[in-house]
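Notes follow the structure.
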Amino acid sequence: MSHLHTLNNVELLQDCARFLSDGDALLLIEDGVYCVTQAELGQLPDSITVYCLQDDVDARGLGQLAQEHSQKIGFEGFVGLCCTHSKIINWF
Amino acid sequence: MSHLHTLNNVELLQDCARFLSDGDALLLIEDGVYCVTQAELGQLPDSITVYCLQDDVDARGLGQLAQEHSQKIGFEGFVGLCCTHSKIINWF
Amino acid sequence: MTERQSKSLTFISRRPPYGSDNALACLDLVLASAVFEQNVNYLFMGDGVFQLLKSQQSEGIESKNVMSLLLALPIYGVENVFVDDLSLHQRNLSLEDLAIKTTLLNSQQVRQLVLSADVVFNL
Amino acid sequence: MTERQSKSLTFISRRPPYGSDNALACLDLVLASAVFEQNVNYLFMGDGVFQLLKSQQSEGIESKNVMSLLLALPIYGVENVFVDDLSLHQRNLSLEDLAIKTTLLNSQQVRQLVLSADVVFNL
Amino acid sequence: MKFTIVVHSAPYSSEASRTALEFCKSVISEGHEIYRLFFFRDGVGNLNKLAVVAQDEQDIQCQWDKLITQNKLDAIACVTSALKRGVIDEKEAQRYEKPAFSLTKSASIGGLGQLVDAALKSDRLLNFG
Amino acid sequence: MKFTIVVHSAPYSSEASRTALEFCKSVISEGHEIYRLFFFRDGVGNLNKLAVVAQDEQDIQCQWDKLITQNKLDAIACVTSALKRGVIDEKEAQRYEKPAFSLTKSASIGGLGQLVDAALKSDRLLNFG
């Protein structure tokens, strides 16, 4: 079964990317949402779904960019992703 | 008068380097001593003196590398550098 | 040098607005300094430039809105607000993306600002 | 899946030994897990590989010696200790620089180790 | 599903404890179970009952306290983390002859074994820091 | 020379408060003056008198307390940082009806103005975080 990775720091994206597999979800939270300003995010395979925590995106004024590079979700969506993926790896 | 910069995080070396001037001292403390493993440290102009906090170097097993790229000092030396430089800028 | 009546205080704010308390701590310190009517300079560089972005809506994370607080700086007499051009450039940002009116400084000017200060707070 | 008797726990230690409490926190958790006689895997990657360096003398900073603590892992039954080859390579380090006996893993093996675990602690 | 949540960061200095708090609220409102909350390292600061928070700020400690109490959650402060940070309960205060205690009554002090136990018995484990 | 030292980090989770402590000891032993110690943000945790530290670990809070007391230093905990982290003195405990207080007696609570004052009146200012 696929995995959910959460990430709250842009500098960890490279390390995290080594462990992303087909069907995995990457959820950007807190300062991790600044990943939407990074070219590296666009270079992930299409088989990885990228999500952003809506409240964190809105706080930082990144709505437009986040929309282009990710799907915005709330905490209910976050809990849902935890259930539909067999394991969670938190990058912080 | 010249300045003393302290730095405790390798990732800040690039930002710090923008402010280093002839006669300045760069003191690596805590995890900043890992800068001795970085090529960037060797690229600083000779007019910048690089110091390392002895206890932090020894704890991390970096004695050899630190000797090649910096002067080891103790806390008394640290206080001395504060006195001989007109201002201290702490990078953390 | 001790007990000098006026000193220039320069604040470098290098962190994004909400993930840590660095941005708000720096701002609080700038405002406290303004009360002393010192020569206060406020420089945004590195990820600190994200504090200046338009359209920050922080109600969702129940935090003070850093952009709104920065907009109020002139009320407190803080007029010397600067942004590092290189940091904007590295993040593909321009002055048009910013809500806060600042003076754009090139690398040489940023250097000069920091090196000429009496005291530097670097957060 | 709930209440399963045995699970594999994989610990990724990514920080250097003394600047923060990450390294010691991860180690404490590894030792606590070993008591439960679970399948414990301990992987050093990123700056975490600095924990394995020879000649650490931490008396001067009045901290526990991370290297010495790691040397004692076999006593606690922690045998599966791995290091990421890429992280060593990026830091110009080789197995000869390390005080701790570990199994060198290539990127594919590191990936497999982490992805096959039931629970991952990533510090 | 059974969740265990580990909090590694202090409130106010990082956003992580608030994220953990909101996540826990949603776990419950979505009908799942929280097997254990484990406060590790600086995270023990979330359980300090002496905190006084200004009206215009979110009172993180108070919200954790409410969440734990209202849902009768099992909330543990890691003993080695808590004691050296001055987050102690009544028993520890007596044992070490400290004049007061600071751990909220809704939580208790425990060892890392309780985190490992939770990792083994939960369906999902998340770390926030 | 007159030094002011600002501590931004909590003890134990980062090495910075220990570095600050050792630096302060050397400032004094080298014959200089400490104008003020200012504990800001998570740094207020260094002044928590309820901490209980194991024998095999350095007791950072105890060492700050000794240094401040023996040298009669002016040590300030930033009020906005301290209150929300549960580091409060007797007066604040009474005002906010808290059952106990946790700030060491050797330090006092103060505002950021006291840090700005120190920046203006000291010859050298250092930040540790």
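As written, the chain order gives the labels A, B, C, D, E and F, with residue 1 at the start of each chain.
Keep this in mind: a residue touches a chain if its C-beta (ideal position, glycine included) is under 8 Å from a C-beta of that chain, and two chains touch if they have at least 3 such contacts.
In this text, all values refer to a predicted model and were calculated from it rather than measured experimentally.
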Shortest walk length in steps over touching chains, subunit B through to subunit F: 1
B-C compared against A-C, more contacting pairs: A-C
Computed distance of Cα centres, subunit D from subunit A, in Å: 26
Subunit A and subunit B, separation of their C-alpha mean positions in angstrom: 36
Centre-of-Cα separation between subunit D and subunit B, whole angstrom: 29
Per-residue overlap in subunit B, given as positions that touch at least 2 other chains: 8, 30-31, 56, 87-88, 90, 92
Residues of subunit C engaged with two or more neighbouring chains: 18-21, 61, 63, 119, 122
Overlap residues in subunit E, where contacts from two or more other chains coincide: 8, 12-15, 41, 57, 80, 125, 127
Which pairs of chains touch, using the document's own definition: A-C, A-D, A-E, B-C, B-D, B-F, C-E, C-F, D-E, D-F, E-F
Residues of subunit D that touch subunit B when the two form their complex: 16-20, 47, 50, 53-58, 60-61, 63, 67, 91-92
Sites on subunit E touched by subunit C in the complex: 12-15, 18, 56-58
Touch list for subunit F against partner subunit C, complex: 2, 8, 40-41, 80, 111-113, 115-117, 119-123, 125, 127
Interfacial residue positions of subunit B with respect to subunit C in the complex: 3, 15, 18-19, 21, 87-92
Contacting residues of subunit D [partner subunit E, same complex]: 1-4, 7, 9, 21, 25, 28-29, 32-33, 35-36, 38, 119, 121-122
